[in-house]
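We just call them A, B, C and D in the order they show up, numbering each chain from 1.
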């Protein structure tokens, strides 16, 4: 399991959420309060969007040391200001500690990060490789089921149907896990973005969907695996089986099922 | 392309070949004299066999920094004495600089290292994954074609037919490359071992098989991508299309073709 | 604070203590039961002695990732058998996570590892550099007070008076800390060796000396920051203000004060 | 020896100089054309200034792998746009490959990078530590003479006299080297900045000052260890014994001697 957070709203320095909160993401890397793994120290990653019209891809910074001891992470978080960013600390469920297994993953202007697992992944790793669309395999850099889900979702049309395609990808991997019989077949909390909207979803094949919260503050919205501070009334739990679509000015709720569809972004 | 060397014979400290020769492997990491890439600094690896009957697997030490700057490599090479060891410095042909992409690769008591390429690998990476036997996919840790060839060879019976199985694996990957049309389809120099015998082979689908030499000295045999010193008469080139089987007391020459077979080790 | 263990006795595989115990050193890297810092994931190190008469220095393997995720550590621990070894997992008290700040430290045939702190180190770092004998400064590789204490002890005659010299070095650094006024002036648990004998000591300028235990088993002795298993009766606490000198066949108790002296090793 | 470049002028993406030139800095990391060490692969670093009035310190990104294989470097260079940045690739002259030994070094709004050496540094490392002002020792993170020169220059008043203070620091370290008698006493090419102006200087105690060039283009100025492209007429060599002060709109030439002074920045 892992921990993550994301921001959309007025540009702000990353360290305000990644480092400076009571239960900041870096604090969660050594002492997560919710979830199975208090230590999330098998690497980390940042993805942020800038305002350079000609370069709309997110900038990725990922590395393999614990987030708490990486001086580059501290430097970047203190100096980068962004209107939309994602940050992740990893607790491996089996695959190696390597940069390519760190989240977020990116493809064109899209990026994705995940907390969860597909039970028995080690039993069907090769079959999972086969589910990745061949034309996207050049973007298969690591060995996690998380990156695979992202690429499969892209194959299902993530770019035009951001929630439905993700739900179908998750269902496909869940079915693969179920065929191999090792529970839990799927536990999934994730967050993804095209650089304009932030999407988040939560589901599980059993009653234990990984934790996921959204918090609305004066200048934007935070999505986070766990509340960053002691103001619990602000932190709204995203319900299992649902997804949200977040822009600076509003949150739209969706079911998170293979039948879900979201109107393509008009812009 | 990469550089490598191996030893079988009387136990000796690794540094005698890895560090202390005029053209030692570490020197080749920054200044290879033969081959396309003078710099081989995208990681390195060691595999050595001990004499602990109950633990017959090779010990692997692999890391991602240039060999010349890794103090652990220097420490280990100065303190480990072994009767049979392999050492490799990597120049990536595309895949990431990560520990799991460093050679040698190991499976049970076998290990393998490689210098070469399958042309257009990036075009058929997913198909190459499919050639790996499913029952061995749990040992697919990285993304190189080198590791894939090793696992495919294991599927072809490497443990009982160490040269023929390797030749068939190489032919299979070569055919895959040929089907995608990007030359050179296969350039291959490799060295592998079961902990008792050392095997080495050299071939190419064109006229440019990667360099490979064998040198017999008083206490054993060295296999190396290039001569380690200025005594050229000692360094015998292994001919393209051939393989050798080396034990401390002799060298047996074989053709390296899909039809080759080697009598299983009697021991 | 950090965690460590050491072995002297019949040769054994390192993994038996580093990996395979209920509360093994790797387990302590993520879940130490005693001490202030349950997570000790700012690097680790091994030092082991071989039986190659011509190379009597210890072999060091140190790296900066958490011990639990380092595949090289696992490989080495599974394949290296040694009659005398030291192993350490680090929790930084301020200095960077870098290989040169990882323990054990070595000089000739001696090596040293430490758990503790000198209060206000950041205030007198430069003065501490000055305490290191000039002729040993070429062996000052990192920035920790631990390495400084080792080099200062060498300057006080560690090689002929292994306990008294260490006690004088600790007293000297303690006095420096006291002059800067930040408590605790000194907390110290350490283990060091010349390749024949293992020394361990424990002291503090207050009542909170870091934990340290010794356990005698059939084939030798274990020194450890905390018991490795649930057999508490076997684990004898080393008292604050004392040191022990351990050889495969006996344990000699000493006071650990600046006046202590140990008869030089006759061998 | 090392290689570096810097930019001041209209904001531009870092990759335009770091990655995309014929003889870009990353190309220089494996194939420098001028200087003693064609390979500069012992780490690298970036420092760039943003336009966030409240955070005027440079952002540092430094790591220990070769620049050519670091995906984070590529990501940052492709996404960060800056009006003033410095970039460096390192070839160690003895000290370890560690992040804290990578350039640029920073203190408040100042940063500094260096190519050169003080002959016999290993003989007077401890004395060099003593030259660092005690009140700045908390910013002594690594072990290079380069970082020491920067901190000594800060002690000499770098912030108010950016060229004279640097020249005095260099003279002080040169005198220390001379006292130990190992030539060359000082070879020095460096670049430093307060976030507004870029300074560069070149000198040597013998006739072999490290190479250093300045190039004026339409939107600003480049300082570089070697020309980045085949337009030699644009690349003006900075003469040994001189320094330049560069702002987007002009270049001021100075002697680089202990007597040099620069009028403090009026802003």
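By definition in this document, a contact is a pair of C-beta atoms (placed from the backbone, for glycine too) under 8 Å apart; a residue touches a chain by one contact, two chains touch by 3 or more.
Predicted, not measured: the structure shown is a model, and the values here were computed from it.
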Interface numbering overlap (same over half, different under half) for subunit C and subunit D: same
Between A-B and A-D, the pair joined by more C-beta contacts: A-D
Inter-chain centre distance, subunit A versus subunit B - centres from mean C-alpha coordinates, in Å: 39
Of all residues in subunit B, the ones touching two or more other chains: 71, 96, 99
Contact set on subunit C toward subunit A in their complex: 30, 39, 41-42, 64-66, 69, 71, 92, 96-97
Subunit C-touching residues of subunit B, taken from the complex the two chains share: 13, 50, 52, 55, 57-63, 71-72, 75-76, 78-81, 99
Subunit C residues within the subunit D interface of the complex: 96, 98-100, 122, 125-126, 129-130, 132, 134, 137-138, 140-141, 143
